[in-house]
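After this come two complexes, each holding chain A, first together with chain B and then together with chain C.
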Partner chain A sequence: MILHYLFRRLFLLAFVFVALTVFAFSLSYLFPGDVLSNFTGLRNISPADEVMLTRQLGLDQNYLQQYLLFVQRLLQGDWALSFSSQQNVLTEMLLVMPATLELAAYALFLSLLVGIPLGIVAAVRKDKWLDKLISSLALIGFSVPIFWWALLLIMVFSLSLGWLPTSGRLGVLYEIPTVTGFMLPDILLSEQSYRQQAFIDAIRHMLLPSVVLATYPTTVMIRFTRDSMLDVLEQNYIKTARAKGLTRLQVLYTHGLRNALLPVTRQVGLQFSTLITLAMITEVIFSWPGIGRWLIDSIYQRNFPAIQGGVLLVSSLVILVNMLTEIMHTLFNPLARKF
Partner chain B sequence: MNIYQRLTFVCLTALLTHACQPDRNNPGGTGLVYCVEGSPESFNPQLVTSGTTIDAISQHLYDRLLDINAQTGELLPALASSWQISSDGLSYRFQLRENVAFHHTDYFKPSRPLNAEDVVFTFNRILLPEHPFHQTATEYPYFDSMEWRQLVAEVKAISAYEVEFRLNKPDSSFLSTLATDFAAVLSAEYGAKLQAENKLPDLDHLPVGTGPFLFRHYQKDVLIRYYRHPQHWRQGSNLQQLVIDIVPDSTKRVAKLLTHECDVAPIPRLAELQLLSKRQDFVVDVQTSMNVGYWAFNTQKPPLNNVKVRQALALAVNKQNILQAVYFGQAEQADSLLPPNSWAYQKPQLTQSYDPQKARALLAEAGFAKGFSLDIWAMPVQRLYNPNALKMAELMQADLARIGVKARIVSYEWNTFRRKLTQAEHDSVLIGWSADNADPDNFLRPLLSCAAAVSGSNRANWCDEHFDALLQQAVNTADLNERRSFYLQAQQYQAQQMPLMPIAHSKRFQVRSSNISGVAINPYGGVNFAMAGKH
Partner chain C sequence: MKKLRLYYEEHNKGPLKLLWKHFAPQHFAFFGLVLLIILLSLAVLTPFLTPHDPYLQNSQLLLVPPSWQDSGLVSYPLGTDDLGRDLMSRLMLGASYTFGLAILAVLGSLLVGLVLGALSGMSKGVKSSIFNHLLDLALTIPSLLLAIVIVAVLGPGLLNTIWAIMLALLPQFIHGVRNAIAQQLKQDYVTAYRLDGANQRQLLFSVILPNTWEQLVLMGTMALSTAVLDIAALGFLGIGAQSPTAEWGAMIADSLDSIYLAPWTVALPGLLIFVTVLAVNLVGDGLRVAMKKRREN
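So, the complex of A and B:
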């Protein structure tokens, strides 16, 4: 039964990937400029190379053959070269990806840490002043444009008060060798004498971007937790538990929370795509060297192979994460297991 | 509270209080952050001309045979401790300093100090097509524009510490050329190693020099990291580390100065100067710089091939207006290509001024009484000599409309822009030039000579035999007064022929935190941190 379900999901996943790669493949034809350049990332191809590459990429064959060769190259990691640096686009992206994932992880963590308790408090104190306060804050956070919010925080905390740096992941004078690509673990792994200072400096750097990026998901968490909690509190089993003589806190903890948080976990996966989009804006504002900034720079530079690769990788990641959370949600939630 | 809670609490408070204090401790001794506007194109000054690249690499990594005194323009001994010029002006001998150590890096361990072989290796790369590294670069733009291959006959080692340059013709600006940031001395031993490993392109990407800092790490569009060169032949820097932080956005650069993430930054946007000069914790350094912003006419295209049309256009533009609106008064009006602090400059008796009526009369004489239409190409980047070309073009558009000339403003992405300029697709262009050395030849030859029209740096596409002859006569003589008179004639001729209209000589600004001292800005380009300190 469960295998059947997983198989169905995987089939869907495969189908989506095919659609994605077809789209990415067609971009090479849709982008302006030379098709061969768009496919390989090479510039100023000599006539001799042109003949060889055309044969190698199958450009003299029909579209289906070309597409199959394209997918084959993707799977082998043999992606196009970036116009600006002449390096494999995939290698470049794998270098900047950890920075984005790190930022997104901190922001997500922050939004869970703040959003869920506030949501619960708002639900328990429904229609009291505390609920109204939290809900209006959530509404403001939900509607505020993220770039404006980011600039506001920079103005206050960096420019006026001078407490926090405005850009980057770490003060540039600290030299930390890249091992995992994630800053905090890398600092702990390094053997520099200024490790501790560097760690604190890294946290100071990540504070503002994380807060900015966490704002939107936090408000979503608050609203979602509140609604889901209210739903659960209406249920008969809660009333029964109260009637049995359990205290409010006990009911909340043992019966309410576990049931209310289930839909919330699903929300985490759904928020991932929004998070990545918002991360791009955050990265540009805070000069955070992640995939978002990389992709936006590529767009400015008309770096077509990079745009193509970036779109493919980011959307694959978003779909994969969505699919995984959905599968996990199904496995954990008996009600959703409609195999 | 149990022990864990208490521990967490202590950690959190420590972190928060600590985090809220600007931590100015520098890791590993002292370090300085210099924020620049763009990534370098290469790590070898031989291959570039862009000021951004020169600022980021040249003075830090390399030494030259000679240095220039920034105040007087006088030549000083550097890697060459002394030199002699033969009486016919064709042979230059340099005695090299001994015990000058090359950088010791992860990728190269030098076994010997600098000697004549290194100098020969360096300059033969530009000169000889059979040199193993000659073909790894497509061009040597600075040396090509000054016709190095026509000028220099051979470079040879006389002894281990003596080198001779033999020239085909006398050139009194030759020593100045060797003192520019482009004439950096490379290591022949490193070259041999790369050749053996068949990694020729690394010569220009993983630099080895004798300069005050050695290369450690480069991440494109992010940063360049240098460490102190411990065996530098001068006393060596006070800084342990120099980081070139690449911040293309000028507003962000100012923000980073304010938060002290940058210690020193060049500021091309003059509007931001006022904000910074008000603060106590910053010092603004001003230096009259050897540069010129100009409006070049493509003299090969009608109607701009008509001298009267060019004169009329020049008279129609209100320069004072431009100085106020574009340079915010932080520049001098240019009435020659040469800036007033050049020794060959003389204020012309007749400065051409803003005169639309005369301009209209000249146009009528040239047969364009009804005016014509014209493209003005405005460069898309900010440079010291022209901080805002688009705004300048708009002002000029209004001025030109008054004499019936319809101007259209054109701009492309910077690389495309330069390529199209070199192919001379423009009618007229707003661009400029920063000098590499104190010699007037460095302004006139790259901008207006026939050779430059071929190599592409002559944006007016102007090739005039009389003008070229004057330039040639000037470098053929060693007598300074005689040279000056040739340059004065050349300037007058240029002002009359008007292949381009000089607009302004901008001052060079640099902002540094007040705890930084000893940063030298050089009017001829590069910035030097060898003597800088932080306290």
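So, the complex of A and C:
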């Protein structure tokens, strides 16, 4: 049965990827400018090259043939060149992607660390002042525009107090060789004598962007955990457990938490899309060299192959993460199984 | 166990009145509603209310602080920006750009979502299955990414971002409408109508839709807060409303250069975005609580 379910999911995934690549393919035609340039990323194409490239990309054939060649190039890693740097878009994105993933990972971790306990506390103390305080804070965090919030934090902690740096991932004093692309592991792997100082500096750089990025997911976590916990606490098995003579804490731990946190695991996957969206804005404000800033820069430069590649890569990542968490959730949670 | 419901009073209140009865005692939600009404009237009436021309530049009055500071002027209550434009007039006009256009975007998207959602909710089989899978794809693509694509195709501008936001909101509306209809189709009174010989169209218009509109309003408020935040964020990034336009997000981006000299030019538009979204969320939460309470009683 599980195999059947996994097979269906895989089929859906394949279908979604076909739809996504069709969309990306059609963008080359939808974007303004020359179709051949959009496909290859070359700027000034001589007439001789034009004939050659047209044949090579199959632009003289029908759309289906062109699409198949396009997918073939994608699979071979032979993506279009960026207009601005004339580099392969894929290699460029793989260089900036770790920065975004690192930031998103810390923010997600922070939001789980703060959001889930606060949500549980709010549910347990329902309608008491603590619940009201937590819920109001969550509502405020839910409503604040992230770019304004980032500016406020910069104004207070960087400009007025001077505690934290405003931009970048690491001070220019330190030079860390890139191994994984993730800053903290890279620093720990490096052999430099200033390793410890660099580590502290990297954390100082990371603090503000992570907090800004974590604000919205944290409030979503609080609200979601609270609702889920309240649902569970109303169930009959909780009453049974209390009637058996378990203390409140025991009931909460053995019966409440396990059931309430299951839907929360699914929420983590759903948050990923929001996180990437907000990471784009955060990166622009904090000059964080990630994929979001790279994409926004591509818009300003009207760099169409880069936008096409970015949309394809980021969407694939989001869809993959969503699908994986859904499968995990189904495997862990018998109630969610429909097969 | 089914609860037996008895009506003791001679005149029973309609569902709308009952909803209001549960909504009004929630102070914060009520406050949010008042704020929303003020903002809405501001968005509509702003051309007649602004004390100065929002686009008039006055080189004599650059960066005048708000009037509560010593060097402020009474005729410019919230001060001026770096080009000498009256901030209060610009903020008022911003209500119709950021908030008014967000409402229009949500309404437009809701309408299209209602039609498509009804079509998919009332149909079965392969067609609806393919449609659902396409929807699932669209739901996962981040809205900002979609907006970036649309702006790249159509070029930057406020109107293009509105299209983008409408498109980005659409999948969740279709999803919501479809689920609401599926929920209604299970109800006993729908079966009763069917037994009476009602066809699909009559079922949809006279039974299902009147019972789902509250859920639609709830979805609308949630989408409205997203729409306001998205319009402002795109304006801030410079791919939405362009520079002279008095859109709140774009105003923040414009004033970033003078953030040291005139922090109020950054703080005030942001505060308005925050208050608007907060008011929408307060009303949405209040509505949800009121609907839950009415169901329980």
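Methods note: the second predicted complex is superposed on the first by the 339 of 339 C-alpha atoms of A that agree within 3 Å, B and C clash if a C-alpha of one lies under 4 Å from a C-alpha of the other, contacts with A are read in each partner's own complex, and residues count from 1 in each chain.
Heads up, the rule we're going with is that a residue touches a chain if its C-beta (ideal position, glycine included) is under 8 Å from a C-beta of that chain, and two chains touch if they have at least 3 such contacts.
Everything quoted here is computed from the prediction, not taken from an experiment.
Taken together through their common chain A, the two structures put chain B and chain C side by side without a clash.
Partner contacting the larger number of chain A residues, of chain B and chain C: C. In the superposition on chain A, A:30 makes contact with chain C only, while chain B stays out of contact range. Applying the stated contact rule after C-alpha superposition, one finds that A:19 touches chain C and leaves chain B untouched. With both structures placed on the common chain, the touch criterion links A:273 to chain C but leaves chain B unconnected. Of the two partner chains placed around the shared chain by superposition, neither chain B nor chain C is touched by A:265. After overlaying the two complexes on the shared chain, residue contacts for A:151 are found with chain C alone; chain B is out of touch.
Residue contacts after overlaying the shared chain place A:281 against chain C, while chain B stays out of touching range.
When the shared chain is aligned, chain B and chain C each come close enough to touch A:159. In the superposed pair of complexes, A:314 makes contact with chain C only, with no contact to chain B. When the shared chain is aligned, chain B comes close enough to touch A:207, but chain C does not.
When the two complexes are laid on top of each other via chain A, the two nearest Cα atoms from chain B and chain C are 5 angstrom apart. Taken together, the two complexes place residues 159, 302 of chain A in contact with chain B and also with chain C. Listing the residues of chain A that touch chain B in their complex gives 85, 154, 158-159, 162-168, 171-175, 192-194, 197-198, 200-201, 203-204, 207, 287, 289, 297, 302. The touching residues of chain B, when paired with chain A in their complex, are 15, 18-23, 25-28, 31, 33, 216-217, 220-223, 225, 241, 243, 245, 247, 252, 255-256, 258-261, 413. Residues 133-134, 136-137, 140-145, 148-149, 151-153, 155-156, 225, 229, 232-233, 236-239, 249, 252, 256, 259-260, 263, 266-267, 270-271, 273-274, 277-278, 280-282, 285 of chain C touch chain A in their complex.
Considering their complex, residues 12, 15-16, 19-20, 27, 30-32, 139-140, 142-148, 151-152, 155, 159, 273-274, 276-277, 280-281, 284, 295-296, 299-300, 302, 304, 307, 310-311, 314-315, 318-319, 322 of chain A touch chain C.
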